Each structure stands twice: as C-alpha cells, then as structure tokens.
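In the two assemblies presented below, chain A is common to both, partnered first by chain B and then by chain C.
Let's look at the complex of A and B:
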C-alpha cells in the first residue's frame, strides 16, 4: 500500500484526477451530448433519437448561414483590432509612463470600475444615448454639426461593435499590462543606449515581448465576441445576427437539435481560429 | 404562524360554509378541507395575475399558485410535463398543438353555470348571427371534442369543452399620430418606404407571421388560400417580401417583450409597429400620443382559456370547476376588461364595472369621467373614445386568429432565417 502511494505515477494521477473529473463531467460530457443531439431529429415536442444529417443539411444548405458566419467573423475582427489598439495604448501608458506603483494600481482599478455593474446594463445604457432622439444626436444637432439625426448610431453594426469594444477592452488591457510589467527595464535602457528612438524601442523591443499578453487578450476577445448573442440582439434591435443569435433563436423556438448542430459548427470554427492564432505565438514558452 | 392568524377566520368560514351547504342543494365541497387544496396554474403573463390568486383565496378558500411563462415555454410544458400543472391558462392556438397529446381533460359543459352567456365566438364562431368566421385557428374550431376522452376536435358545439374561454382581444398596428401626421388605414403601411427605418414587427413566430400575412395581403402581393394555414409556397413568398424589406432597412428593430415595444414607440425610434393593446396604454400614460389604429382589412385576434390537466380528479377537480364558475362570474372579467381585454361573459363583468367604464371599454362611448385601470393608472380622460370603438365594432372586424399551421415546423425555420437574414 505504502509503495503504491509513493509511486510517482499514482500520486500524479491522484493529483490530476479532481480537475480531470470536473472537466470530464462539466465540459467533455456536455459537448459530447450536444454533438450527439445535433444528429437527432425533432418535432415540436419530441426529440427523436435517430441518426440524421437533416440539421447539418439545412444549416449548410442555407445562404443565411454563410452570411451569419461572415458577420460573426467581421464582428470578431473589427472588435479585435479596436480593442487591441485601445488596450495596448492604455497598458503602455500605465506600464511605462506612470512611474509610481501606487498610481499604477489606482489607475488600473479605475479601469475596472465600469465592470462593477452588469454588462447588460452597460450595454443597454447606450440605447438612450445613441437613439434617434438621444443625447448624442441632440448634442450634435445643437452644435450645428448635423441637421438630421444620424440613423446609423443605433441598431446598426456601429452600435454592436461599439458595445463590444466597450465591454471587452479590459480583457485586452489586463494581460497586456501584465506582460509589460514583466519586461526588464534594463532592456529599454539598452535599446536607448544603442541609439534606438522611442518608436523603434516600441516596435522592436516592447511589442515582441508583449506578444504573449496580446495573444491571451486576443483569445479572450475573439471567443467572447464569437460566442455572444445578447449584445447583438439588443444593440442591433434584432436587425443583425451572428451565430450566437442563430442558436438562441433555435432554442426559443424549441429546435434543440438544430441549435446543437449550429453549436457544434461554431465550436469547431472557434477552436480552429484559436489553433491558428496559437501558431503565431507559443504562449507557454513565452509566459 | 399562519395557522394562528387564520384560525378564527377559518372557523367562521367553515361555519358559514356548513350553513350554506345545508341550505343549498348544490354540491358543495367541505370547506375545512378545501383550505388544503392547492391548484397549480401556469400560463402566459396576460391573465396570470396575482390579484386573481388573492381573490380566489378570499372567496373560494383554496390556494391558486401561478406561474407565468412565455408562449413557447407554455406550449412545451403543457405538451411534455403533464404532471407539473393542474390548470393550464393557454391560448387557443397552443391548445391546437397540445390537445392531441392527451394531457388535458375535456370539461363537462353542464357543470358550467354561465355557459349560455359565453359569447358566440367561442361556441359556433359567430359573434352575431350574420358574422363571417375569420381565418386561422378560430377558438370554436378547437373549443370542443366529441366525447370525454377524445383527442380530436369536434366540428360543432358538444357537451365537452377543451378550454373555458377567459380573455381575448383584437390586435392591430400601433402608430404615433404626431410623427406620421396623416391618416393610416391599411396594414400595407407597415412596409411603406415612407416609414423606412421607423417600422417594427414582433419577433414571436406564430403571431408575427399573421401580421406579415395581413400586410402582404393588403399590399396585394399575395392572395392566400387561408392565412391561418399557409402552403410552403405562400410561406416562402411572405418571407421573401419581408426579407427584402428588412435588407432595405425598413425596420428599425424587432421586439420580443412588451417593454421593448413600449420603449421603441415612446422614444420615437419607431412610428408604426405591431403592438398589443396594453402597450398602447403604457405609451399613452407617459403623455405620448399613440393610437391603436383600426385598419380596413380588420384585426388579428387572439383568445385564451383555461384547460384542466388530465391528472386532476376528485376534490381537486371539483375545486377546479368552482374556480371556472367563479372566473366566469364577473369579478375577473371586470378586472380584465378594465385593462382593455374582453371577457368571455361580458354581461356578468358589467356588474363589476361602473357605467362609465362599461361605456368606454365595451360600448365605445365617450368617457364621462377619467378612466383608470385596476392598478390606478389613468388610461383616458373625459371625452376620449376607445380606439376602434365598441366591442361589436372591434371583434366584428376580426380578419384572422393567431394560428398553428400544418407547415408550422417549416414556418419556424423560415422565421429563424428571416430574423438572421
């Protein structure tokens, strides 16, 4: 008994098993179930456990599916570019321009304050602001910038992406800030001594060393945007759709197998996207 | 705690009931035991009101537990979880889907006291002898079955009713007259390019499809054989027209909940949209002009009723019948009519409304005093008339009922495509 316990193998398995069991029960099993159900057929009240490719045939046979997947990638790409731009700038300022650590922590906490409320509230509060008779339009009209209210401010791709950027920029700031703080300051001094300009230091020293942080932020933002449905529903007034909306509609209309099929396709797409992203940066090596 | 509080009252009550039981020959449930009965009712939000539950406790003595869900969940639950409810408060189109599962039991008409006073819409389908029956799932077509255990609907009145009608109304488009500034008299106006980016439709498939059909028919684009039971081809054509309009930017937004429809209208984002009667009053109560516009093609109507679970027997079943008889006795009817709905037995509801309220809500007369709903909000000022007029003018102009089609599954998938298009 004693020997068995002391064996490295057994101890290793024992230590890994709680997490493995949890992941199996709450991650692997549900995904397997969803995959199985996606091949079933359904009527309005019953789900028929018979193997059928009907759901996939309908999904791939409709041009709406392709449009929706395209829209999903479009939202992900634009949101990613904007959150990266803003996130990198904010993190850079916090990490290199603020000298006192107290101040850094204080300003960092300031960034997180909006996250103390629910993200639905943060999202919905844009609606009266951007509306046809909202604050933004009224202000612009009173300044004489525009004569007619801008229609595209609300219930458009613009408002959807605005909300995404607002909701998810912090997910970019945090990992980038974290990696920047761990950059050895003497490297910056060395670059300076070797005659690099501020911009050259940024591009050739800071940026490459921040890549793991950027990649972690990217994974957060891309997966959050690709899996979202509620932001798109509220901010576009149901006029735009992404894959998440497709799934939530199916569920509302009791089409579970069809929703499962769409989920499986989405899951594969997201996994592929992340696999491609990870080809660029080895997160584990550079952390 | 509650036992102590109620003890004196329940003694009085059972005493009273005993006297009543000996005085009246009618079957009366032993009042001491009725306290312990709990009936579980579930349904859509419109009539699942806590006030009704409280009143039942006061007047009938037993407990009514209420659960409000959206129409899709209601349908699913009635069809798949028969053990989870005693009373289902559902719409007639839901009944069409659910009845064949055998989860509900037919009700003996002879036990319904006010049966003779129920309006014709729910019996032979005719409001007045001259009325023409509208398309769609008209309540009387799914209102009766041949025999107690039958799972198919009867074509005429029988002794077995599927649902006891409780609440119904005629729906149409809501408009902002101050922003439109001209008369609106057809459903086709919803897709009029004049309102580009200022129109909306509701994102609930079984109701939205009927609004769409009213619009396409009014435009003269599609001549439906039966709007309430479209062919695949008709469904495709309908969605083609609406998808084109959507891509051209006709709609500002779609709405799914009552509050969303109110906000869209009140903020001026939308000036014409499918709407429900109480949403109009909610906009008006903010001081914003809003009209429930009667249209030439008529109304899209809906009706709800209560059905009994198959599992209900013995004393619980008797209690359910008492509840139904009480429901039709007028208090609930008055409560609902003062919110703008109609009661299945209007004449009993009249006893629970003032002459002013009855005149405004039912007869289409000018209000002589301010009209308030049961929650105290003022709905209309003296001199105002209800949009669309009297009960007979409104319910007499029904063009179609909310419906379940044979091609429902197909329609639902196309609906999902339309929303994502």
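Let's look at the complex of A and C:
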C-alpha cells in the first residue's frame, strides 16, 4: 500500500483526478448527452430514443437554418469589429497615454462599473433610452435634427449590436490592455530612435506585439455573441433570430432532439471558427 | 583642439520637478573618440546620454553636434543612434528586419534595405543569423544585432547605455575589445555609459566621471587614474587611499604602499589574494589603508590579520586632492 502511494505515477494521477472528474462530469458528459440526444427522434408529444439522422437532415435541409446562421455570423462579425476598434483604442490610451499607475487603475475600474449590474438590467435600461418616445428620439426632435421618431433605434439589428458592444467591449479591453502592458517601453524608444513616427510605431511595433491579446479578446467576443439568445430576443423585440434563439425556441416547444442537433452544429461551428483564428496567432505565451 | 565633428554640451541642465538630474554641464566630446561616461547609479550619466539621444528633453542649455544645435531635433534627425541597455530588439521581427527597421521607416524598398542590413550584419559577424528571431539568440549575439541596428543609420555618434551590463564577466571582456576595434574601424564617436571603472579604463580615449549631477573630472584614463582631482574620483576609480594630513587631503595609490618592519605602525585587518597582487588592508590610527603588494614580495614575508606592520611610501607619491 505504502509503495503504491509513493509511486510517482499514482501520485500524478491522483493529483490530476479532481479536475479531470469535474471536467468529465460537467463538460464532457453533458456534451456527450447532447450529442446522443441529437440523434433521437421526436414527435409533437413524445421523444423516442433511436439512432436517426432526421434532426440533422431537417436542419441542413431548411433554408431557415442558413439564414439564421448567417445572421449569427453577421452579429458576431459586426460586434467583433466594433469591440475591437473601441477596445484597442481604450486599451492603447490606458496603457500608453496614462503615465501614473494610480490613474491607470482608477480608469480601468471605471471601465468595469457597468459590470456591477446584471446583463439583463443593462440591456433593459436601453429600452427607455432608444424607444419610440425615448430619450434619444425626444432629444433629437427637440434639437430639430429629425421631425419624426426614428424607428430603427429599438427592436432592430442596430439595437441588438449596440447591446452586444455595450456588454462585451470590456472582454476586448482587458486582454489587449494586459498584452500592451507587457510591451517593453524601450521598444517604443528604439522605434523612435530609428525614426518611426507615432503612427509607424503603432503599426509596426505595438499592433504586431498586441496580436495575442486581440486574439484572446476575439475568442471571448465571438463565442459570447454566437452563443447568445437573450440579447437578441430582448433588443430585437423577438423580431430577429440567431442560432441561440433557434435552440431556445425548440426547447420551449420541448423539441429536445432538434435543439440538441442545432447545439451540436453551433458548437462545431464555433470550434471551427476558433481553430481558424488560432492558425493566425500563437496565444500560448499569453496564457 | 576643436574639430568640426565635435559633440558639445553647453550648460545643459535637466530638472524633474524639484530634483536636478543634470546640473549645468558643459563639455566638448572630441569627434571620433571613444568616451566613457562613468559614475555611480543616479549620478546623471544615463540622463545625459538620453538627452544627447533626444529621448529626454533638456530643461536648459543646448546640445551641439558638428556645429549644429540639435537640442530640439527628434532622435532620428540628430546624427546619433542609441544602443539600449536591454538591447530593445523587436521580438516579432527577424534579425534582418530588426537591423533594417530604420530604413523601412524611411520608406526604402526591401531589396535596398536588406542589402544594407546584410552589410551591417557582416560587420558584426552575424550574417548567418539573419533569419532568426531575437529570442533564438544568445545575449552576446543580441548585443551584436543591437549594434548593427544602431549603426545602419550611419550615425556620427553612437550612444551606448551600459552595453555590457547584461553579459557575463567573461563575455564582457571579449565584447569590449570588439567594441573598441569597431570604433577604430568606423572612426565615429562612441559615447559609452558605464558604472564599471575597469571597463572605462580599458576602453576610453577620454573618461568623464560624473557624480551628483555634475562632471567631477574629465581626461584621458591615465590622467584620471593617476591624478584624481577629488576624493570622490579617487575612491570611485579604486586602487587609491585617501589620507588627511594637516587639513589637506591626499590620494595615495595602493600599489605605492609598502609593508615592512619600519614605517608608520599599523595592524593588518584583512588579506586578500588576487593573483598577481595581494590586497592587504591595515588600520593605521583609525584609517584603513589598502596596500597592493606584488605576490612574490608578499609571500617572501607573509602577514596575517592581527599582525603589526609598518606602512611606508615615498612622500612624492602623495597626490594632493582639490576637494
């Protein structure tokens, strides 16, 4: 017994097992279950354990699926571009223009204030602002910029993307800021010494060295947006769809096998997207 | 002897708020010479170098290179280039692209800048490493790349900020010989900041000793070592004793002190074998005196801590200090 405990192999396995068990129970098992269920058959009122491809056949045969997946990618792409633009700018300002560390920390905490309240509340608080008779429309009318309330402010792609950007920009700021803080400041001086202008330093030194942070932020934002359903539902007033809503509708109708099949396809799509992204940038040294 | 290629500091001052990092420094660095700025940390030597490079604004005074006031020009337009302490190589660029960086910033096309970079890499013997990334090089190799990168702009003055401090002692001695050789071949000025007096003595045509934001003494290495102007210089250069006699201070070289049966009475405190010499510290009426005794002389009559000895020197070897 004593000898078994002292063996390096046994100790190694013992140390790794708690995490392995948790990951197996809460990650691998649910995914396996979903995958199994996705091959089951269902009618309006019953679920039949079987091996059938009809869920997938229906999914890939329906033109709704392609439109919804396209919409999901569209949301992800636009949100990514906007959060990257804003996130990079904010992180750049924090990392390179704020000299005192106290001020850096203070401004950084300021960025996190919206996160002191829940996603849902942050989303809902846009509604009185953007609504037909909301603050935005009333202000614009009183300024004489517009004569009639703008209809596209709320319950539109605009409001959905606005909420996404609002919710997820910080997920872009944090990793980019983190990477930028690790850039050796003497590199910027070396660039200046070599005659690089501020913009050239940004393009040739700061941006390439910030790529891993951008990639981590990208993974956060893309996975969050692609898996979301509640933001799209609230901010579009149930008028727009993405894959998440497709799944949640199926669940609401107790069509678990169909929901599971859609989930498996979504999971594969997200994993493929991340795999493609990781081909471009090596993020290992950031982890 | 003034020539057109001189670098001149005219009443240069640097203040950070209330503290003065460099106080009213004026000096002429002769063109084409190897100058070491020597001093303890915080003495203002690095700030002086960074002001010459243009990475630090000057608070007062001006910097003149080859007759042109460069005080307010950006670093790249001064005719200087800097080699940074940690080399500051761009980690995402190959050795070749690092060296060619400044040419790329000028918009020179790839073929031309690769050719120039290759030439520089040959100069520092790094031609075969052009494709590597900085992380794949040793410290000494990185230092050569940094040197090539600084030289590719054809500067008239190369500024080196403690270039050898990141290297191990053995490599340091080899690299400093290479630096000196390179400076002679190129015929441009090297301005080298260091806190190691041995480095300065070995390399410099002129040593500029700084302390407390001012220049304490400047001159060729032999003059500075043999005739220190102040107590600080005598102590910082090492190998000197500072004696006080009749209210006047003198510097006495440690290798001028003899141990013997006669002379001023003292007690041996420590004995350190250093190879060619033995360093003996002895206490003479409250002052510690260092004597560097040639090995053979010492071992013909060895001393141990606690022994009573006599210390003797020729009076003519006492060098009067001005401060």
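The definition used in the following text is that the second predicted complex is superposed on the first by the 271 of 287 C-alpha atoms of A that agree within 3 Å, B and C clash if a C-alpha of one lies under 4 Å from a C-alpha of the other, contacts with A are read in each partner's own complex, and residues count from 1 in each chain.
What we mean here is this: a contact is a pair of C-beta atoms (placed from the backbone, for glycine too) under 8 Å apart; a residue touches a chain by one contact, two chains touch by 3 or more.
Quantities reported herein were computed from a predicted structural model and do not represent experimental measurements.
*Asks:* Quick one: on chain A, after the overlay, do chain B and chain C clash, or do they fit? Just give me the call.
*Replies:* In the superposition, chain B and chain C stay clear of each other.
*Asks:* Go through the superposed model and pick first if A:214 touches only chain B, second if only chain C, both, or neither.
*Replies:* Neither: A:214 stays clear of chain B and chain C.
*Asks:* Tell me the angle subtended at the Cα centre of chain A by the Cα centres of chain B and chain C, rounded to the nearest 10 °.
*Replies:* 160
*Asks:* Looking only at contacts as defined up top, I'd like to know whether chain B or chain C touches more of chain A.
*Replies:* Partner touching more chain A residues in the overlay: B.
*Asks:* Go through the superposed model and pick first if A:189 touches only chain B, second if only chain C, both, or neither.
*Replies:* second
*Asks:* Check whether A:245 is in contact with chain B, with chain C, with both or with neither, and answer first, second, both or neither.
*Replies:* Only chain B is touched by A:245; chain C is not.
*Asks:* Once chain A of both complexes is superposed, is A:58 in touch with chain B (first), chain C (second), both, or neither?
*Replies:* In the superposed model, A:58 contacts chain B only, not chain C.
*Asks:* Applying the touch criterion given at the start, work out whether A:204 contacts chain B, chain C, both or neither, answering first, second, both or neither.
*Replies:* second
*Asks:* State whether A:130 touches chain B only (first), chain C only (second), both chains, or neither.
*Replies:* Touch partners of A:130: none, neither chain B nor chain C.
*Asks:* Between chain B and chain C, what is the tightest CA to CA spacing in Å in the combined model?
*Replies:* It is 46 Å, taken between the nearest C-alpha atoms.
*Asks:* Which parts of chain A are in contact with chain B and also with chain C?
*Replies:* none
*Asks:* Per the contact definition, I'd like the list of chain A residues that touch chain C in the complex.
*Replies:* The touching residues are 184, 186-187, 189-197, 200, 204-205, 208-209.
*Asks:* Can you list the chain A residues touching chain B in their complex?
*Replies:* 43-46, 58, 62, 64, 67-68, 128, 131-134, 151, 154-155, 236-239, 241, 245-246, 249-250, 252-255, 258
*Asks:* Touching chain A in the complex: which residues of chain B?
*Replies:* Chain B residues touching chain A: 72, 75-76, 79-80, 97, 101, 197, 200, 203, 205, 246, 251-256, 264, 267-269, 408-409, 412-413, 415-417, 419-421.
*Asks:* Which residues of chain C touch chain A in their complex?
*Replies:* Checking each residue of chain C against chain A gives 53-55, 74-77, 81-82, 84-86, 88-92, 101-102, 104-106, 149-150, 153.
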